[in-house]
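One chain, subunit A, links the two complexes that follow: it is found with subunit B in the first and with subunit C in the second.
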Partner chain A sequence: MLEMKSISVPAGRLDFSEKMTGAAKFCQDLRPHGMFYAKTLRSSKPRAKIRAVRLPLLPDNVVIVDWRDVRGKNIVPIVTDDQPFFARDQVNYIGEPILVATGPNPDELRKIIDSIQVDYEELPAVLTIEEALSRTSDIIYGDHPWFVSYEYLKGDPDTAIHEAAISVEDEFHTGYQEQAYLEPQSMLAEQKDGVMTVRGSMQCPFYVEEALMQALGWERTRVRVIQLPTGGGFGGKEDYPSIPAVHAALAAIKTGRPVMLVYDRGEDIMCTTKRHPSCIRVKSHLDANNHIIAREIEVLSDAGAYCGLSGVVLQRMIYSVPGVYQVQNLRVSGRACATNKVPSGAFRGFGGPQAFFAIEMHMEHVAREIGVDPLLFRKTHFLRQGDLTATGGRLRSPVELEAITDSVCTLSDYYEKRSTPKEPGGKLRGIGFSAFFHGCGFTGADERDIISARVRLCKGEDETVNLYVSSAELGQGAITTLSKIAAETLDIPLSQVLCGYPDTGVCPNSGPTVASRTILVVGRLVQEAALKMKEHWDEAFCETESHFRYPGGFSFDKKLHTGDAYLEYAWGANVVEVEVDPITYSCNILGAWAAFDIGTPIDTTIAAGQVHGGMTQGLGYGCMEVLDMKAGRPLQCSLTDYMIPTSLDVCKIDFRFVQSESVLGPYGARGMGELTLVGAAPALAAAVENAIGKPVTQLPVTSEYIMELSRHG
Partner chain B sequence: MARVFRPGNLKEALHFLDAERAAVLAGGTDFMLKAGRYPGAEFAVLSIGHLHELKRIAIDAANVLSLGAVCTLSEILESPLVPLFLKLPIAEIGSPAIRNAATAGGNVCNASPAGDVLPMLYALDATLVLKSHGDQHEMQIRDFIQGPGLIRIAAGQMLTEIRIPLRQTWRCTWRKVGGRRANSVSKTSFYALIDRTSRGLGDVRIALGAIAPTVVRSREAERIILDAYRGKPSQRCTEIIALYDALISPIDDSRSCRDYRRTVSLGLLENFLTEVMRI
Partner chain C sequence: MDNAICFLLNNRSVTLQADPLRSLLDTLREDFGLTGAKKGCGEGECGACAVLVDGRLVNSCITPVIAVEGKTVFTIEGLRETPRFQELSRCFAQAGAVQCGFCTPGMVMAAEALLMRNSFPTEQDIRTALSGNLCRCTGYSAIVAAIMTAAKEGEGLWPASFDPGI
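Right, the complex of A and B next:
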């Protein structure tokens, strides 16, 4: 056992007491004088032209805001210019915003919204990936059925395939996942002295600022965005908050009032981004020694009606889908398909959960096909330090997959359980394993090309140090861990470091709070700024900044998809044990175990919180969280119907950290926020497969699906 | 905005109901969800959850248990008078917070096909006491519940008591099948009682929940099961299952599908017949 580094010693969350006592003021706790509320009118059709919008007679104090009020550009600024803030003459998904009504009484606003009539001319809607790909007319986006299409090669797959002794093929399907954060989308906009200030629930204050500048057509100096205490994000507050923020701001401008826009739960589930459903085909080609010599993988994701982040999510999917394995010859392709449904977007894992589900189940299936122990089979293909990744990037930091695997197998008693009889008391028991990674930070060179993060430290006369970053505190502990890095580096008590919620008016842009980048990238910059400050510590006032510099020797070619897809990787393995009831087909999780290499944990208690939360969310994705669409409309629009695990559904989760130091991260830390979610579902699915003896190819593994498999499988 | 009346006692409550049309609110765990769908609607609410007269739990000389309509599920679980075969289904309802607020009467009056208090009340031939200002009626639960959310209650009437004939010898089998282990609406449920004494099997009762507009129970099928058990092998298991199959009408909805509900409901029945009844 390694001795714990001082940075890893739990310090207590700095936002703990304000949240535990209820003192923290969330958006809905605020009531500025004269505040108006706002409600959104949304499309009830998956695809239609808007012929007319008929308003009822409105009371004097109710004001309508729509596309006509967008003085700047009516386009949400994310990657592709296709999604409007307000639909103008066409709607492309059920739930798309058409207008906002604002006034003093929320009940009255709801009645007004319900009484507005929209004349639609319905167009043929595209509702599934298959429908999209078979379309030759009525295409949603441009002249092809997808927003983006990528392909990359490694080695010479065609020649290798020709030489293969055996080939094994699989097709996998995964469903939506809803972030189900506790606090729905909430924004409060206020205009004062020509400056628009928007406060609310968000992960990325500078994305919201960008959106406001674009919609309002205002200079940066006239726009200010402040994150409030936020009840969870999980990716759902990465790009989406730009829309309610702009709506609230436009309403505030038009009424001259502070305007609060809060979604109710049904609305939030219906119209905000979710995890991409996917269809993934994997074909492995093996030589006579049971070694994989080539692989062909095709990924299709359901992007919904607008491109949003689907391109970047797809990149992560196709870079992750080869798994933790060294295969010399690869052909990987991916397409993000356009459908008339709510846009899919960011969700913890960002394409990883679908990818690792597919590759890990496929590894199980191949092992079974050739009659080899699935763990042994994996081990003979594990990536190692110094290897080239699927995209040809070099694995510079240690890769401890063997140690991680051995650790989780010992912890869970995997081999013993896998080989014992499986039917105590008529229940079917099974145990499953998964191994996975998560690339930390933005894909490729985007940390340099798109974000270019900065952080600032200021020391006052009283020797307190103010830390200015744009990393949002979402309950994950960002404020605490970043402050710890500053305190440790400056060798001062943690209480001497002050870090508030990000405010674009005072903080430099250290980038969004996404992509498991906060510790690796922002934490590293905090450490560098602190080191600089240390040199000037004796000066009365001292301000230091540090800027992201793309590390030497790294490179990535976006067009060819070659080079270092990520700055750093974090690794993990999970084991899940289940019991399937042969009458009700329900799956009871008996145990979940994990080993992760997140490098040095910056605070072991906060890291444990990420493990418990991430794995629980991953287990929910694996067996419980169903979101179906019927004619483009989500069916489970409440937390009664959209089921996330309760404390009774989650077993004890036991885990270990296998610590090998990152060459880039502060104090040797890697990233961890997303890693913890990625492997739970495939381990669970493998356990069910082991219990019922039928191949599982779909997520979530619901009772209904287990029944299907048991009958026909 | 709703006008809420909080009476001091049952008499005041019934008087209020007699005088004006009001919605009754007990624990509010169903009511508040429905009310949320009509924001700003004008209506009168009669709040009864606090009325002590409706919180009585007692067993009379004829061994009939009476449960006051606003006994919360937690209170029922804590009462030493309530036998285990009534507690099992209640213990799986909602979550601790919900059970602290939700009442048995509310579950009955809400008349959801998935109401988990209902199958046992059907199986036990429970009677409901309905009171109005100066009047009182008794009605069997199966007559009271007409369909999803539909109950036979007259204007001015309120459910005050649930009366359940007990037998010491009842043994129960209960399975709730939901999407998760707390706060989950039943996809289907199975409740059965057998009364096995030294003289043999005295009785059997079977109630299937969340598989038809109301709880499914068939006295005729139960007699056939008794006959089969007592050695008249005229009816085999598959035929009994077919009888129930004809009575159920499972649906597809946001929580599950017809096929699953049917398969599992009949699977639980079959398991009961073969493993517990050993038919």
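Right, the complex of A and C next:
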């Protein structure tokens, strides 16, 4: 057992008291004098021309804001310029914003919104991936049925396939997953002395700032964005908050009032981004020694009506889908398909959960096909330190997949449970395993080319140190862990470091709070800035900055998809045990176990919180979180219908950290926020497969699906 | 038509003129400035708005204010002044039971409601008591552990009782 590093010792959350006592002010808790509310009118058609919008007679104090009020550019600035802040003459998904009504009374606004009539001329909509790909005319976006299409090769798959002794093929399908953060999207905009200040619930203050500058057409100096305590994000507050922020800001300009825009829960589920549904085909080719010599993988994702982050999510899907395995010859392709549905986007794991579900279930299926123990089969293909990844990047830090696997198998008693024969007539028990990674930080060289993060430290006369970063505190503990890195490096008590919520008027841009980059990238910069400060500690005032530098020897070719897809990797393995009722097909989770290599944990209590929370979301994704669409409309638009795990749905989770140090991260830390979600669903699905003896090929594994498999599969 | 409605709010007698069907949550947040209870769904599903009415846990977002006429209403702002809260707070901190904090006030009220009627809960009792309060961050484990510790180490703070009914 490793001795715990001092940085890992739990220090207590710095934001604990204000949250525990209920004193923390979330956006909905603010009520500046003279505040107006705002409600949004949304498209009720998946694809239609807007012929006319008929307003009722409005009270004097109610003001309508729409595309005509956008003085800058009516396009959300995110990767691809395609999504408007307000629809103008066409809507492309149910829930797309058309206008906002603002006034002093929210109940009155709701009635006004309900009484507005929109005359639509309906157009034929594309509602599924299959429909998108089969359409030959009336393409809904550009010249192709997809927003982006990628392909990469490793080795020489064609030659290898020719030499294969056996080939095994699978097709997997996954559904939507809704972030279901407890605090809905919320923004408060206020204009004062020519400056627009927007405060609210968000992951990326500088994304919101960029959106405001673009929509308002204002200079950076006239726009300020401040994050408030945020009731969870999980990716759902990565890019989406730009839209309510701009709507609230435009309403504030037009009325001269502070404007609060808080989504209803149903509205939030209907119109904000979710995890991409996917279809993934995997074909493995093996030689006579049961070794995989080539793989062909095709990934299709349902991007919805606008591209948004779908290209970047697809990159992560295609770089993750080869799994934790060394295969010399690969052909991997992916397309993010355009459909007339709510845009899909970021959700913790960012394409990883779909990819690892597919590859891990496929590994189970191949092992069964060739009659080899699935864990042994995996182990013979595990990646190792020094190996080249699917994209040809070098794995520089240690890769402890064997140790991780052994750790979780011991913890869960996997082999004993797996080999126990099923009792006839009783409930069906099963146990399943998954191994996975998460690439930490932005894809390829984007940390250098797109983000270029900066952090700043200021020491005052009283020897307190102010830490300025744009990393948002979402509950994951960013304020505490980044402050700990500064305190540890400066060798001062944690209480001497002061770090508030990010404010674009004060903080340098250390990038968005996404991609498991906060500790690895921002934390490293905090450590560097603190080291510089340490050299000048005796000076009365001292200010140090640190800028991201792309590490030497790394490179990535975005067009060819070759090189270091990520700066660093974190690794994990999960085991889940289930019990399936052979009559009702209900599935009960009996146990969940994990081993993770996140490098050095920066605070073991906070890290444990990420494990429990992430795995619970992963288990929800695996078996209970159903969001179906009918004619482009979500069928589950409340927390009654869209079910996330309650305290009774999940069991105790036991886990270990297998620590091997990252060569890049501060104190040897890797990333961890997303890793913890990625492997739970495939382990659960493998457990159900083990219980019922039928191949599982879709998520979520609901009782209805188990029934279908058991009776007809 | 507004009614005069009287109740005991955090041990203080209050009277207000209000639409009797106005939600207790809006009343607490907007008329009394008690913003600890949150609006997470507005349909009684998430429990972020949970408060105690005559010692029972209710979702204040779907409780009309007239329903608390003559009753005692206890919110996180009242509870946080008690030694029981100090114990819960110590245990929540130690277990790492708070992340984003949005569900926390409701969770703490659920813990208080449980411990007041069952001061020796099993893990299953705690999980059942929290099952109307959603948390998307913690996976519940740390919250369950915190309440378990509070029950053990806070002996005497809650009346020694066991009432299996909810």
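As a convention for this text, the second predicted complex is superposed on the first by the 710 of 713 C-alpha atoms of A that agree within 3 Å, B and C clash if a C-alpha of one lies under 4 Å from a C-alpha of the other, contacts with A are read in each partner's own complex, and residues count from 1 in each chain.
Note that a residue touches a chain if its C-beta (ideal position, glycine included) is under 8 Å from a C-beta of that chain, and two chains touch if they have at least 3 such contacts.
Everything numeric here is computed off the predicted structure, so don't read it as measured data.
Participant: Touch check for A:Ser586: first (subunit B), second (subunit C), both, or neither?
Facilitator: In the superposition, A:Ser586 touches subunit B alone.
Participant: What's your read, subunit B or subunit C touching more residues of subunit A?
Facilitator: Touched residues of subunit A are more numerous for C.
Participant: So, does A:Thr221 touch the first partner subunit B, the second partner subunit C, both, or neither?
Facilitator: The answer is neither, since A:Thr221 touches no partner chain.
Participant: In the overlaid three-chain picture, which partner chain does A:Lys111 touch, first (subunit B) or second (subunit C), both, or neither?
Facilitator: Touch partner of A:Lys111: subunit B, not subunit C.
Participant: Quick one: classify A:Ser137 as touching subunit B (first), subunit C (second), both or neither.
Facilitator: The answer is neither, since A:Ser137 touches no partner chain.
Participant: Could you say whether A:Leu648 touches subunit B, subunit C, both of them, or neither, answering first, second, both or neither?
Facilitator: both
Participant: Examine A:Thr640 and indicate which partner it touches, taking first as subunit B and second as subunit C; both and neither are also allowed.
Facilitator: Both: A:Thr640 reaches subunit B and subunit C.
Participant: I'd like to know which partner A:Ser6 touches here: subunit B for first, subunit C for second, both or neither.
Facilitator: Neither partner.
Participant: Overlap the subunit B and subunit C contact sets on subunit A and report the shared residues.
Facilitator: Of subunit A, residues 640, 645-648 contact subunit B in one complex and subunit C in the other.
Participant: Can you name the residues of subunit A that touch subunit C in the complex?
Facilitator: So the residues of subunit A in touch with subunit C come to 10, 12-13, 15-26, 28-29, 31, 179-184, 229-232, 234, 262, 264-265, 474-477, 605-606, 608-609, 612-617, 638-640, 644-648, 650, 652-653.
Participant: Using the touch definition from the top, list the residues of subunit C that touch subunit A in their complex.
Facilitator: For subunit C paired with subunit A, touching residues are 29-30, 35-43, 45-46, 48, 75-77, 80, 85, 89, 92-93, 95-96, 98-105, 108, 126-128, 130-144.
Participant: For the complex, give me every residue of subunit A touching subunit B.
Facilitator: 106-108, 110-111, 583-586, 624, 626, 628, 635-636, 640-641, 643, 645-649, 702-704, 707
Participant: Enumerate the contact residues on subunit B facing subunit A in the complex.
Facilitator: 39-40, 95, 175, 177, 179-185, 187, 254-257, 259-260, 263-264, 267-268, 271
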